[in-house]
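Just dropping this structure here.
Letters are used for the chains, namely A, B and C, taken in the order the chains are written, and counting of residues starts over at 1 for each.
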Amino acid sequence: MSTEPPAAVELTGITKRFPGVIANSDVNITVRAGTVHAIVGENGAGKSTLMKILYGMQPPDEGTIAVNGAPVSFGSPADAIRAGIGMVHQHFMLADNLTVLENVVLGSEPRKGVALDFAAARAKIRDISDAYGLGVHPDRLVDDLGVGERQRVEILKVLYRGARVLILDEPTAVLVPQEVDELFGNLRELKAEGLTILFISHKLDEVLSVADDITVIRRGTTVASVSPSDVTARELAELMVGSALPVPELRDSTVTAKPVLTVKNLTVTGADGRLVLDDISFTIHAGEVLGIAGVEGNGQAELVEALMGIHAPNAGRVTLGDRAGNQRDITRASTRHRREAGMGYIPEDRHRQGVLLEASLWENRVLGHQTRPPNNRGPLLDRKGAKADTRRIVSEYDVRTPSIEVNASALSGGNQQKLIVGREMSGRPVVLLASHPTRGVDVGAQAAIWDHIRRARAQELAVLLISADLDELIGMSDTLAVILRGRFVAEYDPRTVTPEQLGSAMTGAGKEG
Amino acid sequence: MRKLTPRSVLLGLAAPVGALVFAAVVSAIILAVTGHAPTDAVDAMARAAERPRTLVNAVNSATYYYLAAVAVAIGFRMKLFNIGVDGQYRLAALLSAALAGAAFMEQLPSFLRITVTIVVAMLVGAAWAGLAALLKVTRGVSEVISTIMLNAVATYLVSYLNRPERLAVSTAGSNNIGTPKITEGGQVAGFTVEGSSSKLFGLIFLAAAVGVLYWFVLSRTRFGFELKATGLSESAAVASGVNVKKMVVLSMLLSGAVAGLVGMPQLLGSSYSYSLDFPAGLGFIGIAVALLGRNHPIGMAIAALLWGFLANTANSFDTSGIPREIVDIMQGVIVLSVVVAYELVRRYRVRAEQHAVGGALGRTKTLEEVSS
Amino acid sequence: MRRTRGVRLAAALLALGIGLAGCGAKNNDTGSGGGTPTSGAPAAGLKIGLAYDIGGRGDQSFNDSAARGLDKAKTEFGLDVKELEATAGETEAQKEDRLRQLVEGGYTTVVAVGFAYAEAIGKVAKDSPEVKFAIIDDFTDGVDTGANIANLTFAEQEGSFLVGVAAALKSKTGNVGFVGGVNTPLIQKFEVGYTAGVKAVKADATVQVKYLTQPPDFTGFNDPAKGETAAKGMFDAGADVVYAAAGGSGNGVFKTAKANSKWGIGVDSDQYNQPALAEVKDVIITSMIKEVDVAVYDFISSVKNGSFKAGQKVYDLKAGGIDYATSGGKIDDIKAKIDEYKAKIVSGEIKVADKK
């Protein structure tokens, strides 16, 4: 140890107070150069504030930051970038209608004289992409990229700006196991090049597999610094929350013979004419959870959007059964009709489709339910009813907020998610399309959301569950299907399947279904 | 959170007051640098404020500024930039003036005649704005571009129609040209104000009603909610069952209908004819007023009054030997600084809100508490 | 909407309040003194107020011409003068307010420049019978007529006819142009007279007509770039003489004429002698002179010497006030021919229409 170079980053006695609350209190972390250092903690434990301080977005009230042994003081992220610290945010900050190249150079445009030198930038992006196996094509439109690819663009963006210390905020939340492995491969290569990674996560297995050091944060302060070889996932979890982890599981089967959502030969073509959904058929019955496993970008988003009526399918038929068992063809129905007919929707990207960041919580409660009580009376808005019901959701789903009048943007991602789940479970939906319903929420809330879904399932809710968390999929599904390149390639019984089997089917290495 | 606490009142005041003070300071500096005494400007404004006629004119100007601002704001609420209010109101004013001034209209009872005039103006405004909406939803043409172009088209169309062989009458010896004068039955009587030769527009009540309706529709109806949702996030609105194309068309039509009203107070309360000297450029003033009033029904009313007062003090400045252009400078600086000030206050608010949420997060529930 | 409506209301009210309170405090200083004129020579009995059209003094055109008349009267009679300007897009109420402020300021002789003041002057004159008014370019019965209003109008079509004759005689291609500033009835008078003059000489000549802007866009009177483009198009299409009835935009017409070795015709004043046009003056073969300055001066001196007469006073070829210019000597060769037409118009043998 004594022969090692100075710590890449050293945080000493960091304290940050907000009026009435201490977000960080005496945080001490030493990040050795050329290592992957994980910071784990529940949502709201103070990880984000800490990273904002390190990234120059907020000044600490007390404490010091040293980079490579030299004390620094950041006034803005620009200072942090100059010091070689880069951040990959949980929510991507990419312009959809620009190419990867344009997104990467945005703000640090390459110049040759006065002209923009895109050729050089393109070459540099290719180099970085190849060097770390990121597989990023500079000329693709970001709009066409899946979540996983967007994340790699974000990483590349930071590398492009010369970062030597990378902060990754919940990077695996959006990835499937194989992609996680790839990412970890990338991280190891980065590490080998002498880069330092700060890895924020609450997925303990991953942390244990990739991190060299682990710091646990609880209620704003560092409670333990451990080596992955010294702890088990369970011990780590207990350090985080002080109690046992919840387990996703469905006890008894509630599946009925009543078909609720019937999809026949659904086919969707993408903008480039490529088939993104190829002849998909399935039926979800009342009280049944159909889990869909798949690597991000294999048609899950298109499937959900076609089912919600956001994009019209090219062919196929979608039928929705109501509680009385009457079947209705909704293939061409509008999104509003589907919602009114009892379809709930938890979107994959909550900032794009789930919430209005600049609107209050109660207005977000109305969103998507504006045509139904308790939110309306005819063409008028029922503000009182909506507010009262928002308070109900806030308390039932433990949305942590001082008031239902604050803007959704003030809430953490996990709390926004809880609000969305609470909203979509309101008014007894007959079917719930849930994309990553527990992504980014803390373990406590995760348990609560699972519990809500289980209870609704017992009352004949049909659920289409899409998740990157294979434990969640296996534990929460009655039936499991694997989607690959827009087709259902395999079906499994969740009681017998292993994550490894699923993983190989998802990448096309397994048996064809 | 949004209750009236002393702090929130101060915060609300900070932006507009700060911007006005800043604009006053900038104007004073410009005056001083160009060799005019800023105190003279204050004197001139004081004299203007003392004169009932100027105040009446200011309120009258505010009436149509307000209507223009509401028209713009309807689009702004869903990030739709109706730059075409200008063309919409001019075309609407011309056509409704031609109708109202037509001989056969004299047989109608006064109330009906006025109503028909106003409704036609709204329809024309809506139709002209509807063109831009149609282009947007069918061809994806940006409404900014199309409405700007439709302004130019409207200018030519109005000029083409405002000829003796078409809608206009030419009077011997006059170099002006316009539609036939609307006779008394088609006019809206104004209110006499003590000490003022100008009358207060009768249609000030129309503007007030439009303001109330605007407030009601936007904050109390489903339609208003969907408008706001679309403006904040189109993708979220789509996922929530909002038919965005329909919203584009509806809001453009509404915006255009209100734009059609912009010329009415002046037409029916003072000019009685659409002619070459009918006030122009109100649509652009509406954009400034909507910005200043933050699309808020009362904010825009105050902004319109401020604008009207400034516009009508120009003569007083001139009389005092102060360049009348100082009014334009003041208006420009106010808009710019208000935009900056609102953004600063907004950021401050967001931070304050996040701190408050941080407070709520201060205590982490245990797992038992959550699942019980 | 949710954002504390009350707060914003209070904010804006306070904002207005601050402004008004500031005004209120100042009132005491000026209240007793009344409106004190800040410019002008020591009053020699006559106080003249002049309200310009959009552009005001310094527009190199119509308003400047009125200003020249005022300046001449001022130096000669030693007047107390107040000049006010119009703003683009303003309403009639603001024009009326301008005239009323002049009257309230004690200006007993008021000149309104431009037909836009017609309605306003009619109303104000009725309320102020002791004040003498003049309006330029308008005489609408029942609107701006009265016992204390002089209507000073011009027969622009007659002067335009004569420069049309000059254009036709000078043109080698039989193709001439007309650039109008803004498409209004007033400028149409110029066009109609000009075309008639051209056709009187060469019945088969082509007259290209282009208006730079349409009302309510009045920038056509002050946009040399637009004038340049329009004239370029006409020269390209074969014209070799272009009449610029476009105020300040004429400058652009002459610039293009010079670049293409063609000719231009000026308007309102003898533009050959205008300092601002010195660089391009050798392409200006003649100008249609509209002596607004003479009209303003005549009006002021009539009030001064007690010979004020209400009603229309027409400035045409016969009465003077409309003419064509010969500075530069470019039309000396055809002057006799033009004067022939002039004599016919004066005698009434040729009647020049003022409308299409």
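What we mean here is this: a contact is a pair of C-beta atoms (placed from the backbone, for glycine too) under 8 Å apart; a residue touches a chain by one contact, two chains touch by 3 or more.
Only a predicted model underlies this, so the values are computations on that prediction, with no experimental measurement involved.
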Which chain has its C-alpha centre farthest away from the C-alpha centre of chain C?
A
Interface with the most contact pairs, given as the two chains involved:
B-C
Would you mind checking which chain's mean C-alpha position lies nearest the centre of all protein C-alpha atoms?
B
When centres are defined as mean Cα positions, the distance from chain A to chain B in whole Å is 43
List the centre-to-centre spacing of chain A and chain C in whole Å, with centres computed as mean CA coordinates.
70
Rounded Å distance between chain B and chain C, as computed from the means of their C-alpha atoms:
32
Which positions in chain B are in touch with at least two other chains?
2, 219, 224
Two or more partner chains touched - positions in chain C
2
Residues of chain A whose C-beta touches two or more other chains
363, 405
List of chain C residues in touch with chain B within their complex
1-16, 18-20, 22-24, 26-27, 29-31, 35, 37-39, 82, 84-85, 87-98, 100-101, 105, 115-116, 118-119, 123, 127, 137-141, 143, 151, 153, 183-186, 214-217, 312, 355
Chain B residues within the chain C interface of the complex
2-4, 8-9, 11-13, 15-17, 20-21, 39-40, 42-43, 45-47, 49-50, 53-54, 57, 60-61, 90, 155-156, 158-159, 162, 164, 170-177, 197-198, 215, 218-219, 224, 266, 270-271, 276-282, 293-294, 296, 298-299, 302-303, 305-306, 311-312, 314-316, 318-321, 324
So, in the complex, the side of chain B touching chain A is made of residues 1-2, 219-226, 228-229, 232-233, 235-236, 238-243, 350, 353-362, 364-368, 370-371
The residues of chain A that touch chain B in their complex are 18-23, 42, 44-45, 49, 218-219, 241-244, 246, 308, 310, 334-340, 345, 347, 352-359, 363, 366-371, 376, 379-381, 383, 398, 400-403, 405-407, 409-412, 415, 443-445, 447-448, 451
